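Chain lettering (A, B and C) follows the sequence in which the chains are written, and residue indices restart at 1 in each chain.
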Amino acid sequence: MNNGTRRLFAGGRPLLLRAGRKLAQYVLVIFVALTLNFALPRLAPGDSLSFAIGEALAQEMTPEQRAQAMKEVGLDGSLLAQYGKFLKGALTLDLGHSTKFGEPVAEVLADRLPWTLRIVLPSLILSASIAVGLGAYAAWNRGRKRDLFLLAGVLTLESMPGFWLGMILIAVFGVKLGWFPTYGAAPLFSTGGWSYAVAVMQRMVLPVSTITLVSLGSYFLLTRSAMLDSLGQDYMMMAEAKGLGTRKRMWHALRNALLPVYTHMTMSLSLLVSGAVVVETVFSYPGVGSLLYESVLARDYPLMQGVFLLITLAVIAGNLLADLTYPLVDPRVRIRKPLEGSR
Amino acid sequence: MRSNRAGAMGLVGLFMLAAMLLFTLLGPALIPYDPAERSGSPLAAPGNGHLLGTNDIGQDILAELATGARVSLTIGLVGALASMLIGVAIGVLAGYRGGWADTLLMRLVDVSLTLPFLPLMIVIGVFLGPSMSTQILVIAILMWAKVARELRSQILSVRTRGPVQAARAMGAGDLYILRRHILPMTVPLMIPQFIQAVTASILMESSLSFLGLGDPLAKSWGSILFYANARSAFLTDAWIWWVVPPGLCIVWTVLGCSFVGYWLEERVSPRLQSYTALGKITPKKTAGRPASAARTGGESAALRIDGLSVRYPKAGGEAVAALRDIDLAVHPAEIVGIVGESGSGKTTMASAIMQMLKPPAARTGSIRLGGDELTALSDRELRAARGRRIALIPQAAMNALNPVWTVRKQLTEAIRCHRKLSRADTQARIEQLLGQVGIEPRYLAAYPHELSGGMRQRVVIAMALVNEPSFVIADEPTTGLDVLVQVEIIALLKKLQQELGLSMIFISHDLPVVKRIADRIVILDRGSVVDEGTPGHLSVHSGHPYTRKLMDAIPSIGGRQMRQEVQL
Amino acid sequence: MNNIMRSEPANPAAANGSSALLAVSGLSKSYASFGAGSAAKQVLRNVGFRIDPQETVGIVGLSGAGKSTIGRIIAGLERADGGEIVYGGTSIGRLRGAARRRATLGIEMIFQDPYESLSARMRIGEIVAEPLVIRQTRRGDRAGLDRAVRSALAKVSLDPDRYASRYPHELSGGERQRVGLARAFVAEPRLVIADEPTSMLDSSLRLELLELMDRLRRDSGTATLFITHDLALTYRFCDRLLVLNEGEIVESGTPAQVIDHPTHPFTIRLIQALREFHG
């Protein structure tokens, strides 16, 4: 047994068990998402073939053509056989053909994904850091006016639909003031170089602000409440009795409050991505979110399902990241050799 | 005061919701236009009978808002209600039955919560076709999971509580316990959950409708925005009356719910009881009380307390006195034991001496440490004194160490905040001290959870002593430890006190423990000192009824051997 | 080990003697542990003892020794991994539901925490009546139920007229624990399991409450299993004493025997520590 495995086992079976259970859960989620993708077009009222290749095309076909097409998109044979074929396709990234773009769904997704990441990741970092700062400040000043104002302000932000805030920002900063472009992610005629980069950045400002503002709320509330919990702990009294200054004591509390916030942050990717769907739509930003909207408008079912699957995978990746990195922030779940053995 | 503010928020929220409800119920009757009819010129600005103007085909926007409110609120309420019902049923089943049902249902919940919410709604909505019932269905089947998980965890925690255990010990059946204990304890906690579900449903509905998946026959606020967006309303001035109002309606409703929900949550949250707000206690003027050295003895005292009172103001102007007019002097290298039962004010005393009382406590009186008036020190001077001149070993020391940092880091931090020592000197000081409290240096790398209760207590003692204070307050340092460990800790404190010549206040509810260690004992009862003397004197000669009662309450372990020992 | 267990029969099977009210033999229990390092923690190992009618048996041990677990297993709040519990001639260890309810008639429990073992939503009268309601001993007899509750309250010196309609939060800690006593004794039990009944109370209230419990059990002829970490208390209130260390009974006998002539190293250390404070 090499050192690594021995340490894993020294850490106790429950940890491995927990990791295994998590992994099983993620596999199950992917499986459920795939199954939904398979079942919905077949269960929904309407013509399954239209769902697969588009209504216009399906209606013009002769019965022979139909049979041929059904075979091509995997709608022939028993349900079980169809299902097997479908799963096999999904595993090899064969997600079907987009009727709107006339390209394989996987390729369309690969084109759009980087744009979404470009606005989602900055929003995640911005909203989390601002909210953690404000939340810690509010908790430290609990019950005072400033706490209440922050709380009311953040609750107000949280009650805004993202798309609406986006529309208002466009109307004010895009149209009225003319500070930022209101449409797309890059200038139509790209020249590359600095001016291109600046143009891309300019177009990021409003969508990123929108997503940041509407996601502030949950991080803020969580930080505030986690911070209130740790402020009431005995170690805070010890920290004060030691003679630590305000900033050091605040860090004592915040360091502990960060644990749930960190978990929430990585796990809330799904919220952010959902926010991105509507916000991208408002800004006609060519990411995965607006792709979902476009596919809905065009009733491009394979594309729509591909987007759904991609988002599911992204969410799971976020969860996985949280699970894998959590021991870095919380020593209590770290796998360590028992101290008695060291030295 | 705090709860009043939360209460005010709740009132504002209720008002907002009531106003919206009125608008929803009465609006369609009062507004003279049919929202579906062209009643004005396209994109007419507000005025001319159209209070909020018209949209691109000349429909009255205020009328649209009023009927839209019905759709949005109906979907919000019905969707939330349906998800609550499913969630409660599954939560109860999983939480109470446990076993395989729990495992299975909770895996289902995990999966539901991991699936991306909005995209899934969109996909299902597209396939089932846009309609109000689809929306409600989708909201219900997607939102039950959170409710179920929350309720289950509540039930699991309630299941281990006293009343449930008591009923089970009496042989009560599942149905009885569920009906009589578990549901009454948990269902009220679900009300904030319901409110959250309502807001989430309203926001989800608006998103769905905004993406064109709303019921085409029942225009909600989200659908109004869908049309406004599709016609690029924000490129013209029309956004002010076409885009802003529907969004404000959503914000108004959701915010009203949030305020009410926040208020309700504060009411059920146990956290309310702890005071965490910071602030400096402003001592009331001591009214020229003479610093009477004569009252408590010679000038040589290490700590002298004169006329210390602490009150907690209560609603209605009254105040609860936690300490009343305490006079106490601790001489150098003396251990004064303070004995009191719950509510005697002994922990308040420790906080008052450390100047660590939290608002709304109000303190009067004088506390002098080696001649310096502690109550007159600035924040900075106080910080410099805490840990350096006067140290506290706090109550519940089991949790006095920060769980995310190693012993080394926490000890180093304690040194660094008072002194600039080189790395090597810091290390040397820490190792020396750990040796004194009987902890091997290898535990420096340990996190608190890796230490036993007794070891943690030793580390806390080391931390209190690391900057060589001359005065130490030990607040219940042995509470929660086994009697075997208690003996060790008492012996350690006594040894350190003698080696380092510490002056000490030793606070405990446990008279036998205090008798063992203290040179002098002060008996505290309901905030006042009622008796004082050496342990021997108090056990034999005290005439005070409360002292007698405490002494009599010490169970004797009689027996032949014991009596012999006493005679020796 | 047999030489240590003086008053216990060497053969656990003999503990099932017909005169015993409760006979426990070979009880074992382990918990799955989720801390790093250990797999399962054995909290009880082959625990056997008996309680005769009207006898008070004390179990003493450090926290984590497993003493509460014994009480909880007998009360049916936890299940043992192995061993047998015979109460009034019936083996109750494996029973569930209504069968258990019938077989364990006469076993009541007093809990450690007076603040949370009483339901905050029930009146004192309802709380005290609960054992009768659950055991359905006075079905349909409201007046009888009322009488029983009032008499139980009166016996613990709580005026029924003043207390029956109050809620627990209106009572002090000592009063609440007396409600706990009333609840335990209202159904005329044969065996009361008292799990650290005074450890959360101020010391000035402790003896008072224990004396009250002692009087109640003498008056009603009830046997008691008195679980405590405080060896000093057993001296006065127990007929027999079991010392539990890490899930094993290491010593037993009358309190005087055990305290004056401890033989097991653990007991000797424990008594030395005790003498530090009570000597």
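Note that a contact is a pair of C-beta atoms (placed from the backbone, for glycine too) under 8 Å apart; a residue touches a chain by one contact, two chains touch by 3 or more.
Since this is a predicted model, take the numbers as computed values, not measurements.
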{"item": "Closest chain to global C-alpha mean, per-chain Cα centroids", "value": "B"}
{"item": "Between A-B and B-C, the pair joined by more C-beta contacts", "value": "A-B"}
{"item": "Rounded Å distance between subunit A and subunit C, as computed from the means of their C-alpha atoms", "value": "54"}
{"item": "Inter-centroid spacing, subunit C versus subunit B (mean Cα positions, whole Å)", "value": "34"}
{"item": "CA centroid of subunit A to CA centroid of subunit B, Å", "value": "30"}
{"item": "Junction residues of subunit C, two or more chains touched", "value": "none"}
{"item": "Per-residue overlap in subunit A, given as positions that touch at least 2 other chains", "value": "336"}
{"item": "Complex interface listing, subunit A residues touching subunit B", "value": "25-26, 28-29, 32-33, 36-37, 40-41, 43-45, 51, 139-144, 148, 151-152, 155-156, 158-165, 167-168, 170-171, 174-175, 182, 225, 228-229, 231-235, 237-246, 248, 252, 255-256, 259, 270-271, 273-274, 277-278, 281-282, 292-293, 296-297, 299, 301, 304-305, 307-308, 311-312, 314-316, 319, 329-332, 336, 339, 342-343"}
{"item": "Touching residues (chain side subunit C, partner subunit B) in the complex", "value": "62-63, 75-77, 97-98, 100-101, 104-105, 107-109, 111, 113, 116-119, 121-122, 130-131, 134-135, 173, 183, 193, 202-204, 206-207, 229-233, 235-236, 256, 259-260, 269-279"}
{"item": "Subunit B residues within the subunit A interface of the complex", "value": "1-2, 5, 9, 107, 110-111, 114-120, 122-124, 126-129, 199, 203, 206-207, 210-213, 222, 225, 228-229, 233-235, 239-240, 243-244, 246-247, 250-251, 253-255, 258-259, 262, 271, 274, 276-278, 354, 356, 383-388, 391-392, 394-406, 413-414, 417-418, 442-443, 445-447, 449-450, 460, 463-464, 467"}
{"item": "Interface residues, subunit B side, partner subunit C - complex", "value": "161-163, 165-173, 176, 181, 184-185, 341-342, 482-484, 486-487, 490, 509-513, 515-516, 546, 549-550, 552-562, 565-566"}
